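Please see the structure below; I have some questions.
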């Protein structure tokens, strides 16, 4: 082909459009930029956008369409884990290549996917450490939307907290349905849970749409960040832009990127984004950076491999380094997860985060959590000697599928 | 009062009214007769604008009516008592009667007492829902409802269906009274010859969608009856 | 092949309805051609039909079957189910459970018993309702039984208490909504929001292979034809006439001596089973089943396929389903940002201009022709009617 | 809630402090102030602590400004500046002189950042400073916000303040504070026992915690017993207030359901149009609120009052347009309205995505609707919910009056029951249809304004409410407005009473199952149309 | 009963299990009375539609039921056919069958047919299908699914079509029949079911006089073999068929007797007939 095709598999309609359209635009922006630089391997990049419409089976179908009909060389896409899980078998069957840019629950490593979002150990665990050590939190509310990412994250956190000596009765776990909008009882429960004398914090894995009413209710019931801070893993600048942040000031989020971090790369990125969208008020967020890093690394790997052939690029990806927007270098590990810094920020009244804490160096993403009994012995390693996404270090076997 | 010229009407692909002509004199009481299914009800619905006519014209006092929407025909002075009554089942009797008030010329806000004099049972049942009434009560309500409009022309489609004999008589009296004393023009569909003869002075016989005979009631011969009404 | 076809035609000779037989023939021919072109044509030939297309067609046919199920009860019995997605999804889950068990120790955790999601949520043993699902026949029984039983239970309750009209519709919606929420819960043991996915093989055949895909596609087409003919046949029996009678005058039917609730229940069960079968065929072809299938909006969409095609005409429902979904596929690819405009406009326009759906178009044209001729013969100028007042019986 | 009151008090205080000029900082304070511009976050804590105790000018203004995140300094001169944000423009004033600094630009100043730890400290410090505030409400809240951290010198401050205190209610809380301290630190059991007696009537959570601790750990048996008695009393009250709280939650959820459903009760319930675009009418109303706030950024406080009529018009007109263009052609084919309006709903959603982007839009809550009224420490009612309950009832009443007292109500029912006959009675059915559909849609728009205060304003807003709306209308009995009211509140309250027991997800499921079973008992909803008329 | 006994009981060869038994019960008319209505009361929100109503219909009788609009005639039929539940009272079909315990379908299957005041036919079905559906047959689901028309049944349909004068319209949709035609069709449907007891509510409404005469003939010919209860306001018609006439008033029986007796009954004249014209 005379162009290199980049598939974009993000929902543009349905419930997830709210988050995913931004990522589609990010990819388009990156493609445009790369083409301005002269493309890749002497060819122009061409973006192929499809809309899986927040419908999970459609992710599989559209993946197949991208790979067989449009013959794309790489796909940037998915947000929810279920959409990734839906696309995964097709990617593996047709040997496609996908970059997944969202923080997720881990417990996966596929030869055909690079995970540029945070694994639980790159977001949840550092956040809890911060709360415990710096804010002296003793009581924990783990609140989440009832699906796999929060469930897993909370499972890991529960194990982690108990390992740190937190008592059972000092952990409250609560799940709500997608799009939950009436938080009165739960917030009031949190309030009374927090009124028992020990410093209390909420670790929130509440998903997208449910956050706005959640924070509004917090504000209205007068729970301020000084009393009961909430640290969220799914609330970024984008979500805050739909919120009146006045009552939220001081609540926290843990990410690998914040728009407010000052660095040259970041300001360049932000102004590029604003120019691209033609909207000076548009914000950037963590999954965008993950998309950015993924895209950069992919171009580097293609150049290194000299081809877009999936197997070659896959091998070339491992060990790639690229600059984080927040400074330092991101590094692609053998398990297809990145090493990235972890930042914790407090919400400001302008809808931005103020970094209040960050890890010393970068944290390597862990595909298999050390805090889950089923997976603590598993590692992923896609280099020649093992070449497996779920290698059991005890039995020295690679369970499940072999590629 | 009402003249109908060359009206054709279809249900889907089947033609029901064929080049129909009809003339109603002001202040008269005309009875339209014919076997089941010849198109009497259809004709009335065309006059009321409830069915579109494919061609032809319908004049009310010389004014063409066929282009007017159905809802402007009642204000133009036509009151309609449909076959099967068609009262509003979930409205109370009172509400059923009040429906017509806004288009009265005199701006009355209350249901005229006259209605209750004609049909005392309606007064008793004022708060009951129309649909709960017995068949005969509904029929009375339907006539009452049309009279609230104070129409110039009253169209009744088999008004005695299911009515007890003394009220049938009473309805006959009412029609006669309105027709004779107040000069109301009445168009009536009636199967019962006795009643028809009592109240109306004109008759029109229909057959297969056409008017085949029209004359004064006195001239309705056995011959015609056998030809057009007997089975 | 042709003898098979002709015998099928004989079996499906349907008096009074000229549409089913030709439709079945067209469908079977297309199926045969597509399969042939996929398996036997070289990939670079112009006649080659890609596996992507086959899978897509297979999906459409599953949806068509689902539309058929809805049309049977809505079109013929007037029961507007806004929850048929539930039966579809239950059938799908039953099949998904079977496929999940077939993975065996090839899952990421290599547990021979437990599916991956159970391992990683620390389940120690297979819950009772997963037992036996590794047997194909058990799973297939469940594909029919679970939707059937739920439909029976729901129908028995609702029809016996004479819940009708919108009340029934909204109850079916509540049903699927409740199931949606339940299946989202990880505790239910169906994989929560992620659902069941990453299937490997079915009856020992590799699900990724073209042969298996084509076979599934052919099976779907055959079953669809079979169910179409069967449904049509049923509707032509006296049972079918009673069903229509119930639609138009349930209490009258009761006064003639029919226990209408029984008729409704059994038709509902039949319809639910068709939906279940459709779901079971759908899952291996699209590769995932997730609670999203229970979403009320999905069920509403099914009704819309039927309406687009023409309610009360089984073939119409099928054509509607295929057409709307084809349009969706096309629109999402051609205009990813604006396809909802196109789809929405399509729904509005079909309703406005094709009141009886695509199938009604034919009848409508015929009517107009008749009227035109009659008018001409009458030599009367056509005054277009000022307003359409005819109350449809629909 | 007291925190909110504290914040309000602070805001009030801020207004005062920026207008009333304080004296310039003292010699001892100057270097500390300079240091404040140099250290970062947690490192600022010791500086602030020193500032609090160092003699000199009143630091209240500084602390308050800092707590609000409005404290800046001029990069060059290191002079401290207060920023006053008035919607889009920021004005800077010198913190101590109050002098307006109009020529300062954004780049010349730098923010002094605060984090939670600092905010916590600042809040308490301010409270300590305000123990002598002229307003008794402020004093009371100051004491209460010190409950959680009663150190020796705080207690000393309170004790001194107690001597001067005139207000009975402030005295009471001060006594509670002192008693709390005594139960912790008094060596004599009798002392502690006395203190426990003082605590008995208080519902403060700190009191409860302290009593729990005493009941378990106090060396003296009588103290333990007294503490237990006190606890029991509190628990008894807590149970009652918990019930009231849940009831309120239920009613407020019910009123949200009512608002969402009530427009549908007209378009669907009365007119019989299966209006799948109802949710989008709500959405339009919510976006109207957004646009109003966007156009009038300086009138956030009044924005809702402007938005309500405007949303009614926007959604109402949209409704009329839909009726004229589409629904009108579908008379007698009610089921097909489902198809067409579903199409319309898709179009409207995508239109909003195109015009306003797929992201949620930010709708601010006016101050008068933020926070809560605190009845007592165990029971406070959030203001926005309270207003919405009232608003829902108001809308309901107005609608009821419109339908009962105007001819529209009668006519629309007549039209929906027998369109042809209504025409024959001279009812202009077209107009009635358009008006009614417009009314139903307009009301949905109003609901959108209210919902914009509770939840996301985004393209999916309508979808989130459409199922619930239908459920409520049907559960109440189609065509019966009172039914809709009762259904909405029943479902709301039921949900909120189940939720604490089962969790939110199961509660929703149980409510659905309940509805399904209930309809078996009453196949035509809560308030069915009875008798032959309904057949 | 011990388990063993139960098993034995179940295994007995000479017994048919209850659910396999033929349920079509015979009507016991040993006292010549086919329908007993005793002490029937029914009120709607305080309005007494039926008021301690007693009525006995003999087997083979043709009974006319008249009474003012709203007297409760239709309501009475509603109660007999199971459409409406009464507040108190008993309704027996023959000696032993308590109709109040049964639902509409069971009552219909017992052989009680009804023609409604407002004609109700299956509009989307052809005239022919309407008749077929009304055929006396096993009406449970399975048999209906497998049922086909045999030639005797064809003949019966033809015969009925003849009787009701809709031969030409046999393939027409019932929905497009005129009002009077629907009336006839509904009578036809009654004939098809071959019921034991016919309840006919205002059969000649909307019919021409001649048609009314034909209906009268038809109903008279049916009586004897079957029992017929007719409600009608058309006195000509009533006179032409009536043997015994019962007058209802305000939910109870006002008078009963021959046509002549009734016509001269002062009460009846007052509330119903009006002064003789």
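Order of writing sets the chain letters: A, B, C, D and E. Residues in each chain are counted from 1.
Keep in mind that, in the parts below, a residue touches a chain if its C-beta (ideal position, glycine included) is under 8 Å from a C-beta of that chain, and two chains touch if they have at least 3 such contacts.
Computed from a predicted model, the values in this text were never measured in an experiment.
Could you tell me the least number of steps, going only between chains that touch, from chain B to chain E?
Each step joins two touching chains, and the minimum needed here is 1.
Taking each chain's centre as the mean of its C-alpha atoms, which one ends up farthest from the centre of chain B?
A
Across the interfaces A-D and C-E, which one involves more C-beta pairs in contact?
More contacting C-beta pairs are found at A-D.
Which one chain sits nearest the middle, judging by mean Cα positions?
Centroid comparison flags C as closest.
Hey, how far is the Cα centre of chain A from the one of chain E, in Å?
Each chain's C-alpha centroid was found; their separation is 73 Å.
Whole-Å distance, chain B centre to chain D centre, using C-alpha means?
So the centroids are 61 Å from each other.
Hey, how far is the Cα centre of chain A from the one of chain B, in Å?
Centre separation, chain A to chain B: 75 Å.
Calculate how many whole Å lie between the centre of chain D and the centre of chain E, each centre taken as the average of the chain's C-alpha atoms.
Going by mean C-alpha positions, chain D sits 64 Å from chain E.
Which residue numbers or ranges of chain B touch two or more of the other chains?
In chain B, the residues touching two or more other chains are 11, 49-50, 69-70, 132.
Where in chain E do residues touch two or more other chains at once?
In chain E, residues 44 touch at least two other chains, as defined above.
Among all residues of chain D, which ones touch two or more of the remaining chains?
349-350, 420, 463, 505, 508, 531, 535
Along chain D, where are the residues that touch chain C in the complex?
Residues 268, 274, 276, 326, 329-330, 332-333, 335-340, 342-347, 349-351, 354, 420, 463, 467, 470-471, 474, 478, 505-506, 508-509, 512-513, 515-517, 519-521, 523-525, 535 of chain D touch chain C in their complex.
In the complex of these two chains, what residues of chain B are touching chain D?
Residue positions touching the partner: 48-50, 69-75, 80, 82, 86-91, 95, 98-100, 102-103, 129-132, 145, 149.
Along chain A, where are the residues that touch chain C in the complex?
Residues in contact with chain C: 12-13, 49-51, 53, 55-57, 60-62, 64-65, 68-69, 80-82, 85-86, 88-90, 93, 107-108, 146-148, 151-152, 155, 177-178, 372-375, 378, 389-390, 392, 397, 399-401.
Any idea which chain D residues touch chain A in the complex?
Residues 1-4, 7, 41-42, 69, 113, 115-117, 119-120, 123, 205-206, 208-209, 213, 245-246, 249, 252-253, 256, 349-350, 353, 357-365, 370-372, 380, 382-385, 453-460, 463-464, 495-496, 499-500, 503-505, 508.
Show me the residue ranges of chain C that touch chain D in the complex, using the header's touch definition.
Those in contact with chain D are residues 80, 154, 157-158, 161-164, 166-167, 170-171, 173-175, 177-178, 181-182, 184-185, 251, 296-297, 300, 303-304, 307-308, 311, 337-338, 340-341, 343-348, 350-352, 355, 388-392, 394.
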